[in-house]
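The same chain A turns up in both complexes below, where it pairs with chain B and then with chain C.
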Partner chain A sequence: MSTKENAKDENTENGSADQDNKGRGDSSSGFIILFFIVGLVASLVVGWIVFPKLLYSRKKQPIDFNHVIHVEAVDEGCESCHFFREDGTFSGIPKLEQCTDCHEEAQGEDPNEIKFVEEYVAKEKEVPWLIYSRQPDCVFFSHVAHVKMAKMDCATCHGPVGESEHSKVYEKNRVTGYSRDIWGKNISGFKKNTYDRMKMDDCAQCHEKETGDKGSCFQCHK
Partner chain B sequence: MNKEHKDTKTKKFGMVIDLDLCTGCGACMVACMAENNVPFKEDESNKLDSITWMRVYKLTNGKSFPDTDICYIPRPCQHCGGIGDHGHSPCVSVCPATATDYDHETGIVSQIYTRCFGCRYCMAACPYHARYFNWWDPVWPGDMKESLSPNVSPRMRGVVEKCSFCFHRYQQAKDRAYANGRREIEENEYQTACTQACPAGAITFGDLNNPEHQVHKLVNPDPKHCGRPKNPKAFRLLERLQTNPKVYYISSREWVRRAGDNYIKNESKQIA
Partner chain C sequence: MKIDRRSFLSLGVGAVAGLTLSPLPWKMMDDSSIWTQMWPWTPVPEDGEVSYVNSTCTLCPGGCGILVRKVNERAVKIEGLKGHPVNDGGICILGLSGLQLLYGPTRVKTPLKRVGKRGEGRWEKISWDKAISEVAEKLKNLRKENKPHTVGCISGSANGTLPKLIERFLTVYGSPNFMKIPSIQDSYELTLHLTQGVQALAGVDIENSDFVLSFGSGIIDGWGSPVRMFKANSALKKSGGRLVQIEPRLSNTAAKADRWIPINPGTEAALALGLAHVIVKKSLYHKDFIENYASGFYDKTGDNGFKRFVLDECGLDKISKITGVDKTVMETLAKNFAKAKKPIAISGRGQGKSPGSLNEFMAVHALNALVGNINKKGGISAVPEPDFINWPELEMDAIAAKGMQKERLDGAGSNKFPDTGSLLNRFAQSINSGETGKKYPMEVLFVAGANPCYTMPDTKTTKKAFGKIPFVVSFSPYMDETAQNADLILPNHTCLERYEDMPAPVGLTKPVICLSKPVVSPLFDTKQTGDVIIALAKALSGNISKAFVWDSYKTCLEKTLGSKWDVLVEDGIWVDNDFTAPAWENAFDTPSAKFEFYALKTDDINPVKIEGDDNSYPLVLMPYDSVRLANGFIGDPPFVVKTVSDTVLKGKDSFVEINPETAKSCGLSQGNYAVLSTPKGTAMVKINLFEGIMPGIIALPRGLGHTAYDKYLANKGLNVNDLIGPVEDSVSGLDTAWGIRAKLSKA
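What follows is the complex of A and B.
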């Protein structure tokens, strides 16, 4: 009997001891969970907000360009300035010579235009435009195949640039040296519009949809 | 199949080299290096290091005077299609990185330098030694870097490179055709640098699928037999490996044609 009682006592003692341990465990595990959550939030903030800010250096275009005014003034839309040469190559961003055709002297009061005329036209110096959609050296892209043959709109890949009144900030990836427009604004890589990104997968996605296959490597590489 | 390419015919670009005309001057090699930004080395005689997309070899019949005879044989990448042109080229089938692939629209074997990681399996697999490894970054003396072609991306240390049949010229030719509202290019719009540089006119380039093209007329490839030439004077290198190359050679000399395949001495019957 006595042994049983003893055992019972021990049990209760042990039981209370267990409860004590449990109580202490609760507070410490709560602290661990809190610590984990705080750490997770901190690393998410670093990963999603601080890191992308650090990764890209922000540069302003030498001249704040107003596309809206220019689109209104020209007859042939984008191709008035971003034209095709006779051999099918694409001129890209216009050279100074072309701008000078209209802007030999300032036509208005806009400080940007005056700056352009004084610093570049007068000195016959090319404007060092930053190219948002510059691809790596190994990429071959034929504008004429897409615009003339496939009858695609410029905006499908470049977005509504023609509706912009100011040049947006050029963000350069400090590691790769490429523009942020290639990777896309969204750091996680989600895209809503066709012009959100300009990576190889985006080309391949459209090619697969429109032509039925991604094509061979040499179609776009050189 | 490709929607866009349904409108255009499948091409099979190939080359015919007339060895009776080749003088071994090496103009094709020079033109190729200049066209494709091929780096040169301080010691070009070090053949483990030097890179020659197009290379002229010298063959001799091994006989002494007065029967001695030599033949120069230019060797670009053979752009093998494999049996039935399914793209089972020796190099393409071994590449673990898919850095080289077979273009079914043009029959050209590509090499994507940014994708290659330099394992050199393809070099081991290529029976023609047409592939070269960049042991060093290219060094361009003086201002020469400024005169590199922007149409061909330069290679870096640690990747394999090879002849591309001047694929950038095909891209440019297509752009020109598109600008004029055409889908198909003309025969003379796409020619490789070596073809145009050859002073003897020994090299002919064009679409082997197109009976109108000179290359087709010269060799008359037999589609039933893996594109083997019907012209008895024409041959391909190592025909018996069935790599189905797109580079054909023409020679009126029997010993040259036999040298195109490594037959065992005194072998009586050609295995085909």
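What follows is the complex of A and C.
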């Protein structure tokens, strides 16, 4: 075939295609919109509902802990168990030794109590508590500066943990390994309370409000 | 109606739009950035309760107090203990790196029994009970055969309860063969014994001196108790004192000294006598001391005195020719030394790892006598070893008594070397030579706190000797060269895991006991060697068992230290503060009750001989010490090796220091590879031109070239001990070698 004939053929094909388009134009654009909506809705479902479920694995604490009972039983509130050491460092989650002070023997019939005494106290094994508020290793945080010097309440950052009767499920981020509490329960990142999130912006927000300045990088990232 | 390509494109656009409007991309972006901060291999410091434990560092005989910072049960930092009489808050680089020896991969984690060939590195884990009963069985059999004397031990030290327990064990078992790793302490003890008639350690009061004349002693290169010496050097500088360093190579000490006098190596004794010549000739000596408290200075009937000898035989022209030191330099130096208020002369090259020639120590000590600074502030004093080990008398049975009468394999205490306690340098040779065959072979050897297969000059001969001993037991906590050549390893705890006393850190001016105590609980299935010895004794029953009345090493230590125990646990150190070195009237326990100048012979001014002939080996190789490299029983942890300059070690290559002039004549330039050969061996080295070394001399650092331990320690540079060999002192039998003849050729 010559070049001329080729050109002619193409013209004919194009011509026929134009005709087809004209014929089914409306129905096709309907599909385009439908498919757009399907894609949009599906991915919104994935992004808002499926993704958060996939992102976090749900773990139970080794022992279901009742803060209410404990707060009632102790004299000094949170600091009875979560105290400052002599050198100003914060003890965080109590060690087994502190629990054993009262729980050498099982107190009551609660299955959790019995499990705790049998599996941990008797075997002198530390309880592998999951820490909701654990920050990345590159973050330096001093409790004493906030609690003793700035006189902040524990609940400002940690929420009303002392009022919980059960340990909530620990949701572990499969990518970062951290608790969901750092990003916040709300996947879109909105918060209502000061303790809803523990991201850097939340630190900065409070710092700006209280001190007039967000602070410098190396204050926390040493 | 047809679904076409565009519909799917539209689906994709919709999906992207949807995702953008969902938290997914933003959350993933944030999470992935956090994920990058969370690599699983990033070391994360432990978080928890901080506590501090004070103890004593036993990585060298310095006796420094340490403060270990712990987070929960993990030791995270070793610091010098403030207010400690030895180091007052200071710490050396090895002490700082001690945690790598605790947590590093070089530890032996459980008793091991060799299954492959010697040195092949194939081991089988065995239980402590099995290991101990196996050794006990061997020992029982040897006693049955009336051969208890064929059991020996090489210990890192002879002082302290652990070495004494081992020695006690050998004695009651019936063997005289308790040997220790040699050092200049041996020469100093012998010098004090021969001149002052005392059994004592040399206390060196550099801090309070105003003129330190050092015959090659690297006071900031790790000589004596290293951190104390750093501080003493600073104190000396602060108070306006002077340090004159005499050695062939510009060491760190020489570089920081007020004056560096390069000298032909091995001629230090001659220089000391040359200085004595000036002091005597100009009558600059301490009249009171010489007239009233010294003997042998003047002629006695039939004997030439020290005075006549130095005046007649040590003329400055002659000495200058031997030492290479200018006459006027000697004159000024001698005058300045004698006129200083509190001068002190010290000897022992580098860190003092090699005992050196007795003659040299005696000559240098004679200078101290001439200026009368013995048992004085700022001088040298005889410090008795703390006397706290008073165990019940041993009862030897007939087999043991007979065994103890045998001559030692190393020849110490024999007619030839009556005054020396241990001669490890002769041991390997004696095992290898036919001479031993006539005596007796060694059947079982214990090695505790020592790594002779690495630290003894001429490692090849040492390893060969080990090859001839059928059963070698190592007590090392680390897989070192000696452990690697053993049949059984019974690992001790490391010094951060165990109780152990360390009496008399080297060079202190008062009797002192230090205690190291557990900072962390033992990490592995290891056992204090003291407990193993006690268990062995119990397994052997009879008199041997009776000699060990304690149920554990800790009880033994506690009972032995008695009233000092509480102080030691609290402070880590006990100092006999009431001690002052006796005044001259009562200081000397010699026949004359005076300080005795030794009778000199013409030969005494000749250079200390080294191995090799000048024709085949035109150069001289000297080992040198650096505080950056541990060169004893303890290997260099990675932190330490990292501080070594790349003109000392680069990759796997060691550099040999050479004067540019000498290098030129050998056709070598900076960075060239060269073959270094000595009568003991050949090795490949790289060339480092260094103007601070005398022409004709080349130097290699001690402490490199390990072949054992772990991948971080092994195969880094060259072990200088592979290339040098011991030379025996004719009086003491100790190793006098300061170098060896060598040859360098282009690779």
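Rule of thumb we're sticking to: the second predicted complex is superposed on the first by the 198 of 222 C-alpha atoms of A that agree within 3 Å, B and C clash if a C-alpha of one lies under 4 Å from a C-alpha of the other, contacts with A are read in each partner's own complex, and residues count from 1 in each chain.
Assume a contact is a pair of C-beta atoms (placed from the backbone, for glycine too) under 8 Å apart; a residue touches a chain by one contact, two chains touch by 3 or more.
This one's a predicted model, so the numbers in the text were calculated from it and none came from an experiment.
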Report for A:178: first if it touches chain B alone, second if chain C alone, otherwise both or neither. second
Let me test your reading of the model: by the given contact rule, A:37 touches which partner, first (chain B), second (chain C), both or neither? second
Which of chain B and chain C A:108 touches, first, second, both or neither: neither
Contacts of A:215 with chain B and chain C, given as first, second, both or neither: first
Dominant contact partner of chain A by residue count, chain C or chain B: C
Where does A:140 make contact in the superposed view: on chain B (first), on chain C (second), on both, or on neither? first
Touching partner for A:148 - first (chain B), second (chain C), both, neither: first
Touching A:128, do we find chain B (first), chain C (second), both, or neither? neither
Is A:89 contacted by the first partner chain B, the second partner chain C, both or neither? both
Touching both chain B and chain C, residues of chain A: 85, 87, 89, 136-138
Under the touch definition given earlier, write down the residues of chain B that touch chain A in their complex. 1-5, 98, 100-106, 108, 110, 112-115, 151-154, 164, 167-168, 171-172, 174-181, 183
Chain A residues touching chain B in their complex are 84-89, 136-138, 140, 142, 144-145, 148-150, 210-213, 215-219, 221-222
Sort out for me which residues of chain C touch chain A in the complex. 1-4, 6-8, 10-19, 21-24, 26-28, 30-32, 34-35, 37-38, 42, 44-45, 47, 49-50
Listed in rising order, the residues of chain A that touch chain C in the complex are 24, 27-28, 31-44, 46-48, 51-52, 55, 85, 87, 89, 91-92, 136-138, 173, 175-178, 183, 187-189
